[in-house]
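Each structure below is given as structure tokens.
Presented sequentially are two complexes of chain A, the first with chain B as partner and the second with chain C.
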Partner chain A sequence: MTKQYAFFVDAKRCIGCFTCAMACKNQYHQEPGVHWRQVYPLNEEIYPHRERAFYSLACNHCENPTCANVCPVKAYYKREEDGVVVHEQDKCIGCGNCIRSCPYGAPRYNPVLKKAEKCSFCYQRLDAGLKPACVQSCPVEALQIVDLAEFDNPNAVQYPAGFPRFTKLNPSVRFILPEQPRMVTRSDV
Partner chain B sequence: MKTHTKECVGQALSNAFSRRRFLKAMAASGALACLPGALLRPLTAEAGIVYEGDYQTFRNACPRNCYDTCSIKSYVKDGVLQFIEGAQESTYTRGGLCVKGYAYTRRPYEPTRVKYPMEQQGRGSGNWKRLSWDEAMDKIARKVLEMQEKDGNLLGLGMTKYSGNFGITNYVVEGMMSSLGYTTRFTGTPCWPAGIDAQNYDLGNMWCNDPEDFPDARYVILWGVNPAWCSVHSMKYIYAARDRGAKIVAIDPVMTQTAAKADEYWQVKTSADGALALGMARHILDQGLVDRDWVDNNSVGFEEFASYLRNNVTVDWAAELSGVPAERIKAVAEEFATAKPATIWIGYGMQRHVNGGATVRAVDALVAMTGNVGKVGGGARYGHLQTWGFNYHAMLQKQPEGAKGVPGKTEVKGDFHFTGDQGEVSYSDRILNINKTAQEILDAQDPPVRMLWVSCKNPFSQDFDRNKMQKAFDKLEMVVTVDNFFNQTVEQSDIVLPVTTLFEEWTINASYWHYWLSINEQAIKPMYEAKSNIEIAAALSKKMNELSPGSCTFPTEVDTKEWMVKEFNQNIYDQFGLESWEDLREGPRKMKLASSASWSTLEFGTPSKKYEFKSELCAEHGHKALPEWKEPREPNAKLRLLTPHTKFAIHSQFNNIDWMQEFNPRPYVYLNPQTASERGIDDGDTVRVFNDLGEVTIQAKLTSILPADTIMMYEAWFHANPYNCQNLVDDTAADMGSYKTGQPGVAIHDQFADVARV
Partner chain C sequence: MSMELPLVVFTVSAQAAIGLVAISTVRQFAGHGPLGKIRQEWLFAAAVLAIGLLASLFHLGHPLGAPTVLNHLGTAWLSAEAVGAGVLLAVVAVAAFTIKGGVNKALGIIAAVLGLLVVYFMGMTYSPPSFPAYNNVLPFAFFLLTAAILGPALASYFASQEKQAMLARWLTGALLVGLVVHLLAPCIWLSGGTVMRETGMAFVASPLYWARIVLGLALPLAVMVRMKSIPVWLPVLLVAGELAGRLLFFMYSIHTASNLGGIY
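Let's turn to the complex of A and B:
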């Protein structure tokens, strides 16, 4: 298998601090309302306590990226060396096909430039030998970068509850599920 | 929020500002003169970015009074701050910040900044008029001289300042006051005084282990502390302890984010933590799990404590009071006592009660009786001031010749108050309690507090009883506030002075939790007309001396960088292995520690030099000698009201930054679904939270993280939202705090309220 970078989201460690999302904003100054990375609280069917477990999600740099497949002007390419899906904004005509086709909502509309944009896996940082800004920022190493060619974690899942299952795309992301502590709630109320 | 003049913020309030439009607007307003060189290049997803070498880098440090006090590395191009990250050199930050830290890049450019000195025609009117610095200083100086003339002293001039900017050169605000004469100071601390006193009685000082030694712990109790929100960088060490086999227990009235990450969570009844600790202690005693060697060699008063436990405490009693079943109390007490080393992190929330100091003493005792004090990976962790040995030059200014104040010597105290020996003095400052600011202003006489200088603080959103604060402010003849933003205190001021952000000034930052020291360099030129507190003091001095030569001793010209040199001494250099303060420009440094454990020599700072289960000093100060159970405050409304910190802010800071609003757009009151249904409240409903003091109208969020007798709102000032939890929080004192910080703490969490649908 060739190299394919993926985000590894350890929801057992993730404290939902939003640092990763803000670190991305700090690096790229997205327009108001535009986020390339978001921290999603899990709903209570998945984790029984509101806003206490989270998935940090951005572009999944899919093995078979639908964004790239539907782009009429080939503004997308997938890097051979690491599988990162790059959107070239200067080619983008803002038709919105990618935004509509990605079931993970990764490409976002930039209302000022009237073009699409999305998480680039910080490939410039990767090329400079640095971690992506969000990965470097995570204070508890809940967000990591792995190479699926070598990744082997028996506890990791690709499609946890709440994360849409689109096997044809084969999203490059793996999760560890959150856990609950032993709960000792008050006996007097 | 009141509308401010068009000139200062109008455009920015209504528009969501884009990066490009922001720059355009700045160009139009002429503010780009402050942004030398090229504009921020549009950083699109595919724009080429080069890192090291392509930017000028600077060292900064977060001064916001958070455990983590992160070292920051700032990347600047063409004089514009482009992005920041945590310092890689610090093993504590490891290249990261927190969500608040990463929003800093926006802070200097945030459109709603206070840009120039301004004067308000009618407090709260929002009718602001721009002043020149000279005009502003003239108005202030004339008022100071007028008070001096009228009262024959300057005790009518009050100063309130706390931890809004903890850079140590900001002690210049105190220094500026001294250079004018003897004034009125609000001293003490709202945060942690009850616990400080408790640890001083037990151990002889407040001194915690290096948090980087958590991984050596075999058992960790996180008691009333929420590092997942308030000290994110500590979480990795707690996880590391667990990865090495330690059990993590969280005890909190609320299922915090930290609790959700623990192995076991106890939902203790608020303010019953002391009973829980004593119940655990009793069980440890009964099971013969006391570390006899440690206790015999290193402590005094254990036998008295043991007989107190035998006569007054049972596990069932503790279970009854705390709501935690006896079976779990016994199990965890045994596990804690047999895991070596075991540690407890005591949060600042649990001592914000009328029995808070007594509670911390009970928890300390638990750690001590199991022999875990003085051990690597052990410890009763609360805080420390080991890395704060600066000269505090900025503070030490001389009063002008002939200045008069309160006759005789009064000792100024405060947790971060570092005054030199005043020697024989005939006058001193008037000391008022910072935790009762409103009441003290209302009560002060001969002279009344006529003028208030506010810096590094936002009393309207942080101090207690907003309605009373309003009455107190109404009594003041002049209010001058130094701030970055138009917060709720600025709205109640006559004059606002724009102050520099961390990127625009020189200072130094130490932590009260970890052992790293950071320099804060000026990375960009001050935006607009902002000045540092040092420069403001110099500007005022210049005007004072112009109007009345000799009326102010503060230097009239300053180079803020030179002030750095004056703060360092050989001791600090030795502690950190520095040749010069400039070495810190290479990166933060960690104090050279003989051991990561506090009290590793087992020589304590108490009168007996031992750990004191029984403290005569504590008894002399009007408390119990032993860490006995103390009754909580009587409820005065149906529900317990908690107002802790949110992860998105520190007090009122950060909520207003536009980047932060993206993730935290509005405040809520959180309630248990049962509490809500009893009152016909649905998720998302607008409700009224009320008690005898006042009320708040706010949206409800239902959540099982709270018990049914408790509601919670996060403490904050929200941009464009009048929400203020201080409408509902009174200034009832905690039991301890006066010994070390001069004033008792505040029972912030001993508050009650009810809620109804509107």
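Let's turn to the complex of A and C:
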């Protein structure tokens, strides 16, 4: 397998602090209401505890990206060297087709530029030998960057509950499931 | 919830024009009798398609960039849809201006086949994986039905008296199939996963859906069964019904990303 960068989301560690989403905002200054990375609490049907669990999600830099396939002006390309899916905003005509079509809701509409935009995996930072802003900011190392060509964590899951399964796209993201909280009762003490 | 008005106008107009030229071509070469006001019919179809294409530009953040949609004919159905509709407009316009007695046979057939292809491209464009309720053949079926309903309905304004009965039969058939498909689709969605079920629930809970079923399909069907000819007011009601149906299509298309963190 060729090099494919992926976000590694460790829900066991994530404390839902939104620092990753804010770091992305600080880096790219998206318009109000526009988020490239968002932290989603797991629904109680999936995680029925008083404590909450979260997935921090952005673009998944899919192996077969729908965004690139549907864009009528070829504003997307997938980098050969690391599989990062890049949106070239100067080519975009704001038709909204990628926004409508990506099942992970990663491309967002910029109402000021009247164009789409999305997570770029901070490829300029990657090229400079730095980590993506979100990964660097996470205080508990719950968000990491891995290369799927070498990644072999046996506990990692590609499609956990709460994350839609689209095998044709093959999203480049891996998860560690949240831990069940330990119930402490009087008899344990 | 987004109304996507330019897309509502574009898709319904294009499908009405396609239905009209397809019906006109078939009418011309199948069956006997005078052709009716054929030049006006093709000019009308060209105007409706042109209005639709113009409306589609209002959907773009940068309408001046529209010509660059030629760049991705390889995989983007939207490119095929836009280019196909543009070429179709040229064919219909040439056919309209070269009418002598009837439409040039080759041009008529090319327009009808290309029109069907454009409906197919539209069906593919609006069935992405992000809308489970639409990620199948249904958008194509909906769009084909719009063409099959509005085609004969609008053709009744231009066809000769001798061909009105044929148009009435086609319209009755299309309305019957349309009623069944539009009643069944949300029922099937209700048995799907979370997002598909939400789409079905949004449809059946919407007064617009029921108004469209009753006024846009059931009532016109009853009128057709009773009268066996197309009354002059009916096409107007049918156009309104199709516009309402398309508004629903875009307003209640529930996206998979709306449920991130929930059960799919």
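In this text, the second predicted complex is superposed on the first by the 182 of 189 C-alpha atoms of A that agree within 3 Å, B and C clash if a C-alpha of one lies under 4 Å from a C-alpha of the other, contacts with A are read in each partner's own complex, and residues count from 1 in each chain.
Operating definition for what follows: a contact is a pair of C-beta atoms (placed from the backbone, for glycine too) under 8 Å apart; a residue touches a chain by one contact, two chains touch by 3 or more.
As the structure is a computational prediction, the values presented were derived from the model and not from experiment.
Undergrad: Given the alignment on chain A, is it a clash or a fit between chain B and chain C?
TA: Here the two partners, once superposed via chain A, fit next to each other without clashing.
Undergrad: Who touches more of chain A, chain B or chain C?
TA: Partner with more touched residues of chain A: B.
Undergrad: What is the contact status of A:G96 with respect to chain B (first) and chain C (second): first, second, both, or neither?
TA: second
Undergrad: Quick check for you: in the superposed arrangement, does A:K114 touch first (chain B), second (chain C), both or neither?
TA: Only chain C is touched by A:K114; chain B is not.
Undergrad: Once the two complexes are overlaid, how big is the angle at chain A between chain B and chain C (Cα centres, nearest 10°)?
TA: With chain A as the vertex, chain B and chain C sit 130 degrees apart.
Undergrad: Output check: A:G162 vs chain B and chain C. Expected answer is one of first, second, both, neither. What do you get?
TA: Second partner only.
Undergrad: In the superposed arrangement, does A:A149 touch chain B (first), chain C (second), both or neither?
TA: neither
Undergrad: Quick one: is A:V140 in contact with chain B, with chain C, with both, or with neither? Answer first, second, both or neither.
TA: First partner only.
Undergrad: Contact-wise, after the overlay, does A:K25 reach chain B, chain C, both or neither (first, second, both, neither)?
TA: In the superposition, A:K25 contacts chain B only.
Undergrad: Aligned on chain A, what is the least Cα gap between chain B and chain C? Give it in whole Å.
TA: 16
Undergrad: So which positions on chain A get touched by both chain B and chain C?
TA: 113
Undergrad: Give the list of chain A residues in touch with chain C in this complex.
TA: 38, 40-43, 45-46, 54-55, 57, 66, 69-74, 91-97, 100-105, 113-115, 161-166, 168-169
Undergrad: Chain A touches which residues of chain B in the complex?
TA: Listed in rising order, the residues are 16-21, 40, 42-52, 83-86, 95-99, 101-105, 228-229, 232-233, 235-236, 239, 250, 255, 257-269, 319-320, 323-325, 328, 647-648, 658-660, 662-663, 701-705, 707-709.
Undergrad: Under the touch definition given earlier, write down the residues of chain C that touch chain A in their complex.
TA: Residues 59-63, 65-66, 68-69, 71-72, 75-79, 82, 125, 128-131, 255-264.
Undergrad: Touching chain B in the complex: which residues of chain A?
TA: 13, 15-19, 21-23, 25-29, 31-33, 35-36, 39, 48-53, 86-90, 112-113, 117-120, 124-125, 128, 130, 133, 136-141, 180-189
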